[in-house]
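Structures follow.
The following pair of complexes shares a single chain, chain A, combined with chain B in the former and chain C in the latter.
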Partner chain A sequence: MKKVYINSIASISPQKTYDNSRFLDEIINYNDTVIFAQDPDYKQYIPPAAARRMAKGIKMGVVASKIAMDEAGIETVDAIITGTGMGCMIDSEKFVSAIIDNNEQYLTPTSFIQSTHNTVAGQIALGMECKAYNFTYVHSAISVESALLDAKMQLENDEAEHILVGGVEELGEHTTKVHRAINHIKPEAVTISGVLDSKTEGAVFSEGANFFVVSNEKTKSCYAELVAVETFNTLQKEKVSEAIENFLKENNLKIDDIDLVVFGNNGDVDFDGYYNKLSEGIFSKTQQVFYKHLVGENNTVSAFGVWLASKILKTQAVPEIVKLNEINTSEFKTVLCYNQYRGQNHSLVLLRKC
Partner chain B sequence: MSELKEELKGKIIEQLNLEDVSVADIADDDALFGDGLGLDSIDALELIVMLDKDYGIRLSDPKEGKKIFESVQVMADYIQEHRTK
Partner chain C sequence: MSKGVAITGMGIISAIGNNVAENYDALINERKGITRVDNVKTIQRDEIMVGEVKFTNDELIAQLNLPPENNYSRTAMLGVIAAKEAIANAGITDIKKYKTGIISGTSVGGMDMTEKYYYEYLTEKEPQKYIESHHAGDSTQKIAEQLGIEQSLVTTISTACSSAANAIMLGARLIKSRKLDRVVVGGADCLSKFTINGFKTLMILSDTFNTPFDENRKGLNLGEAAAFLVLESDEIVKAENKKVLAYVKGYGNANDAFHQTASSDNGDGATLAMEKALRVADLKASEIDYINAHGTATGNNDLSEGRAILRIFGEEMPEFSSTKAFTGHTLAAAGAIEAVYSVLALQNNIIFPNLNFKTPMKEFSMIPQTELKKKELNTVLSNSLGFGGNCSTVIFSKEA
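On to the complex of A and B.
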């Protein structure tokens, strides 16, 4: 089987992460319950005629994919695989609202066409005239991990050489209200430094797009080797340590071999215990980082964790703002990302320095 | 009539999300499709729905749209003659 490499990355998030030459050197301090992505200059990447029908999620996905493709130095890929938990919410809300407001009359096509979960992958393919495999995984908080796993298997079996993989979420006004009503969004505004001290349920909600070009050949721009991906729909808190040890064992590794662990803590008092148990348990002697205080919570934000891990492996530097404990490792060779959302849909992504 | 033409230009810009285009940029006789504003078939569907919803004009034959949507001037003339609301 061939090895799989992350040859380029791109991130559009509530922080200014769209410029790959920078690495969290300027932090935007939020004090809110919902945070929006920082916009790159979309017009620089998308022709006005195409952009006018695109809601924010599509624009973010298209631009992030272009940044990733540019860095990888390729013009097309053998597959485009995306993940999204909620899909194109803005156009979905627009279309459904129109049905209700107009008593099922006068339905216009644009928002309907743009509202499908596969719209982002479809628009990317149209833009690069790529008629290859095009697929979108819609699986809550493991959507993007499912996309990565699909890409990894195709590359390992040499069914493809280069695959564009990414995750996208956008905030829709009505959906955000619903999430607020069911207490999935924090009742009080929190600052980025106060997220983990929050004593309330829910998370700071957000949006963003994170894309990667993964290949079975290492290029100069390579960030990391994608060693393994595993997902679990359900996992009891008491069983997470065991699952991680088994996952590492399958990859001929032990806990001590992990130089850095990337956690998905979001400050939800009901579910951060999953991370705390690991942080104080099997990873108590491992350097730990987190990122959701900077970029919030959404169904594919775990891809930002992979982005962060890739950046750390390539630069061998850890920004102070993401450090979770006092341990400082001198060299980062193997990094593990662990994420879960509301105690379900757990994921493990193992990366190695390339 | 002049008011209707300004109203139509505003609606076209808003409903078709014509970013960077203002009412003043659209001349009454500018072609809406092709080399003019560059609208396409999806826009034509949006305009058909707009005629029905805002002016009570239901096009029984979508091919009629090709002529009716030639320019803002032609659209305004047609609406003036056929509107039910």
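On to the complex of A and C.
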């Protein structure tokens, strides 16, 4: 079986992460309940006429994919695999509301066409004229992990050499209101330093796109080796430690071998317990970092966790702003990312220095 | 690479039957399930025909014994019915005995409830329970729960009309890579105002019975359905002395990279998908005994797919037919519905007719099989083509 490497990364998020030469050196200090992605200069990547027809998610996905392809220094790939938990919300909302508001009359097809979940993957393929394998996973918080797992299998078995993998999520106005109504969004604005101590239910909702080129050959730009990915539809709070230990064992590792753990805490008082239990338990002696205070919560934001881990492995530096505990490790070789959303769809991603 | 993955169970609910036996009976008796729509309130009712499961949501809730406070979308309920039949058919009594996952394809997901309660969600408490059932993964999550699949790989694919074919593909690869011992694969989609109006604006809905591969085809009939297959590792088949219904022998996915919704005139994507599937199956085109075509009866699909089939099979064209005239186009579920039909074809050595065909298309001389035909079948190739240029082929075989 071949090894799998993350050879390039790209992130469009509520922080200015779209420039790969920088690493969280300038932080936007939000005080809100919903935060939007910082726009890169889309014109640089997409002709303005085409960009006007695209909803934000499509634009973010297309541009993040181009940043990742540029850094990997390749023109095409053997597969394009995306993840999106909510899909193209803006066009979906446009089409549903038009149906209701106009009683199924005077409708035009554009928003329907662009509401399809695989729009971003399809647009990337169109732009690259890439006729290869093209999949889109749409399973809530493990959408992008499903994409990584699929890519990893193909690369290990040498069915592909380079695969573009990414997650994308856009905020839709109505969907945000609706999620506010059921308290999935925080009731009051919180600052990035206040999120974890907010003691309220819900999360700060957000959007973004995180893309990677994964390959079965290491290139100069390599960030990390993608060692293992596993997802769980359900996992009780008491079982998470056991699941992690089993996962590590399958990869011939012990807790002590983990130099850094990346947690998906979002400050939701009802669900952060999953992380806290690990933080105080099996990982109490391990350096811990988190990121959702900077980039909010969405179904594919765990890909930002992978982005963060990749950056740390490559630079061997941890920005102060992501540190969750006082432990400081001198060398980062093995990093584990753990995420879940509302107690379901748990994921473990294991990365190693390349 | 050429060894197939065993299919040990299957389940289905569609416009032509509530289980595998009823679907087979309708297929061999040429009984189509295309009618006016009853369960979706739409002003398009008199202008379109659909392939509808005639149970109301309340009837489905009762059938599944769901509590009144449940928040199942119709997609989830159809999915549970088909998945449960597949598990029973595979003789599985203890789902936890082996590492079992589920991969489902859907495009509508919980949109049926979202479009019903879109504005009410903001003001009414009662329907708010459905907010969490909107996202596509919810139906799969619920099917997994109903089957007792816990702490496992459960995921959802949405690549428009090839979703379920892609779920079968991923499932087969997960078994081959030994990530799972057993995996339930398929798809579910219900009818909705969203898709009815969406396809209406694209002007590809027929106002009468759809006629795949006919020169005068007027478009597709939308359908709703769910179907699932159980795939198991050779080790389970051996240990449990399992009866194997058929094998997933080959699979391929490619992208047309031509247009967001339309297929290229010469069917590049579909050609590539069929080539890949034949390569994985280690079969020559001449070794395919029957093609279950995507054949949606839209002008664009049948021309593009027809040309792709011609490119692959040329003079050695086996019988081909589309079963969309029976069921309508069930979108993300189509690949799973037609997987069940492909397995039934193999089991019974029978080719299902392409109903409603009269006039050959002027672009080529391809004539679908229009009557039920007995033929010794060893291999069936099934196509599923979707928006975003997504093209998938799965090959089923009698022997591993």
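Criterion: the second predicted complex is superposed on the first by the 354 of 354 C-alpha atoms of A that agree within 3 Å, B and C clash if a C-alpha of one lies under 4 Å from a C-alpha of the other, contacts with A are read in each partner's own complex, and residues count from 1 in each chain.
Basically, contacts are C-beta pairs under 8 Å (C-beta built on N, C-alpha and C of every residue); 3 or more make two chains touch, one makes a residue touch a chain.
What you see is a predicted model, and the numbers here were worked out from it, not measured in a lab.
Of the two partner chains placed by superposition, only chain C is touched by A:F232; chain B is not.
In the superposition on chain A, A:R53 contacts chain B only, with no contact to chain C. Contact with both chain B and chain C is seen for A:L107 once the two complexes are overlaid on the shared chain.
Ranking chain B and chain C by residues of chain A touched puts C first.
Across the two superposed structures, the residue set of chain A contacted by chain B and also by chain C is 105, 107-109, 113. For chain B in complex with chain A, the residues that touch the partner chain are 15-20, 38, 42, 45-46, 49, 52-53.
The touching residues of chain A, when paired with chain C in their complex, are 80, 85-87, 92, 95-97, 99-100, 103-105, 107-109, 112-119, 121-123, 125-126, 128-140, 142-143, 146, 149-150, 153-154, 156-157, 174, 177-179, 181-182, 230-235, 239, 243, 299, 344-345. By the touch criterion stated above, chain A contacts chain B in their complex at residues 48-49, 51-53, 102, 105-110, 113. By the touch criterion stated above, chain C contacts chain A in their complex at residues 42-44, 106-107, 109, 111, 114-115, 118-119, 121-122, 128, 131-132, 135-138, 140-141, 144-145, 149-160, 166, 170, 173-174, 177, 179, 193-194, 197-198, 200-202, 253-261, 268-269, 272, 386-390.
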